[in-house]
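You will see chain A twice below: alongside chain B first, and alongside chain C after that.
Up next, the complex of A and B:
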């Protein structure tokens, strides 16, 4: 199944979730904001399955302010 | 012919020059600013011009102070920013400097939120002074803003920002600036702002630590209505400090993007 993550088309296993995709890339969930198809996701949504063609934006935050 | 002179609109005869207006309004004023630029050679004023006359050694009357402070912002800018309200989520290195930059630009209202007090380690990058040590940051920052641009209305909340609390804190804000410390706190803001403050843009920051190339700090709209400043990489970790130069670059990016948003000048969203 193909999805677009940060403008890159990538192949992910069927049934993938935001959580599994981020975990597979070593991205800490609690340091990340995610938008799917124009909707910014509440972290409680990270367990929901992604669909073919979803456009996903992942922003990783680092500390400092 | 009608022009805007410091406190309000005035009628002047056609052909009136900047120096002529100065002589009738504030004789002896050293600086005449017309439409944001100081006049070096006398000019004939035109309908709608914005004029401020100030003396180097004289504090203007209260009603002229605000227009004098913002005279160099350019025509129409301060009057539009003066109607706008910005939420400052965190008043440390980013928030204190963003708030000061916006106050200098004539912003109408700032909502300052931070639970901390000023300590000496803050002074390397935050807009506070030794005299502020021990004071709540929001109170210290409110006094700094009052000392720069008194017309800016300031509301303070000495409390921590959590999801679910944004609607109460940032009611009526046109833009929110995320100026928090930790990656975890930064990360919850996009979803929280979208849920609790629908339609309100967020200007957030990631990647400002150390003293690497300041030109790597950029501003991009990474999600609809979410503008991200930083190099997205430079983390605060053991062995990597956080210093005024890069923090001020980022705070400047943040404040400038907020100005652009309020003035309706934001470029269309770019793809990440």
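Up next, the complex of A and C:
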């Protein structure tokens, strides 16, 4: 199944969740926010399955002025 | 004990007290340790951060583990926003990521000077205030815009001294003076302050605080420069509170004008 994460198309197993996708890539979930198809996800939704073609944006804090 | 009427001189923004009138940023430091040490050396109680997409190919160490939110309040910015819609999206994501509901609003669509867009900034400020954010907008030194943002419910106004990262000092001095004179919310001079003397000058004029990032981060010794800016801000503030005695074109002797040794 293909989803788009931060503008990159990636292949993930069916039934993947935000949690499993990010953990598999070594991305910690603390101080991170996730949008799915333009909607900010409540962290309680990170365990629900993503769907084919979902556009996911993952952001976190970096240095800035 | 003799106490000064200004002994309790805390900076108050949206009801929150800050002992330091220097705000700092977290960008451009060579490493996290230097950044963390410089922030602590600055004494700042309000520290800006930015929000960016995670690089999937390089999910490096998260910056937040190097900050101390118990020692200072984190102030996410909306850097990268080119219009009001993007700024609101970034602010909401920052709130979702960290629970931070204070936001440094910046809308800078033009890449060469990164001057803030006044129309989009005002539009975003109105939306964010309505959405429950405490909004600290970065603006050009425009007294009318400052007034409109204050009326929109912003917690501060943050006029630039010079374009971001240029270290050119208070190029907007006269306009900032008008903003200070007219403002009922704290005036934080942000951007372009390259030396502690620039910050001191802003504080001497009556600015409530200064925000400094680049000049500290790119110094040879950022921790020392953070201390220097803290001292500059304190000196400027003290001078403002002390009251400037004015200037004169002609010399005014400080020693007595009579009883000279020569006999007259």
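In this section, the second predicted complex is superposed on the first by the 61 of 65 C-alpha atoms of A that agree within 3 Å, B and C clash if a C-alpha of one lies under 4 Å from a C-alpha of the other, contacts with A are read in each partner's own complex, and residues count from 1 in each chain.
Operating definition for what follows: a contact is a pair of C-beta atoms (placed from the backbone, for glycine too) under 8 Å apart; a residue touches a chain by one contact, two chains touch by 3 or more.
Please read all numbers here as calculations on a predicted model, not as lab measurements.
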item	value
Partner chain(s) touched by A:62 [first = chain B, second = chain C, both, neither]	both
First, second, both or neither for A:27, with chain B first and chain C second	second
Touched partner set for A:40, first chain B, second chain C, both or neither	both
Shared contact residues on chain A - chain B and chain C	6-7, 28, 30-33, 35, 40-41, 57, 59-65
List of chain B residues in touch with chain A within their complex	90, 92-95, 179-184, 186-191, 194-195, 204-209, 222-224, 226, 228, 230, 232-236, 242, 247, 271-272
In the complex, chain A residues that touch chain C	5-8, 10, 25-28, 30-35, 40-41, 57-65
Residue ranges of chain C touching chain A (in the complex, touch as defined)	25-29, 35, 48-56, 59, 62-64, 74, 76-77, 79, 92-94, 96-98, 164-165, 191, 211, 213-214
Complex interface listing, chain A residues touching chain B	6-7, 28, 30-33, 35, 38, 40-43, 57, 59-65
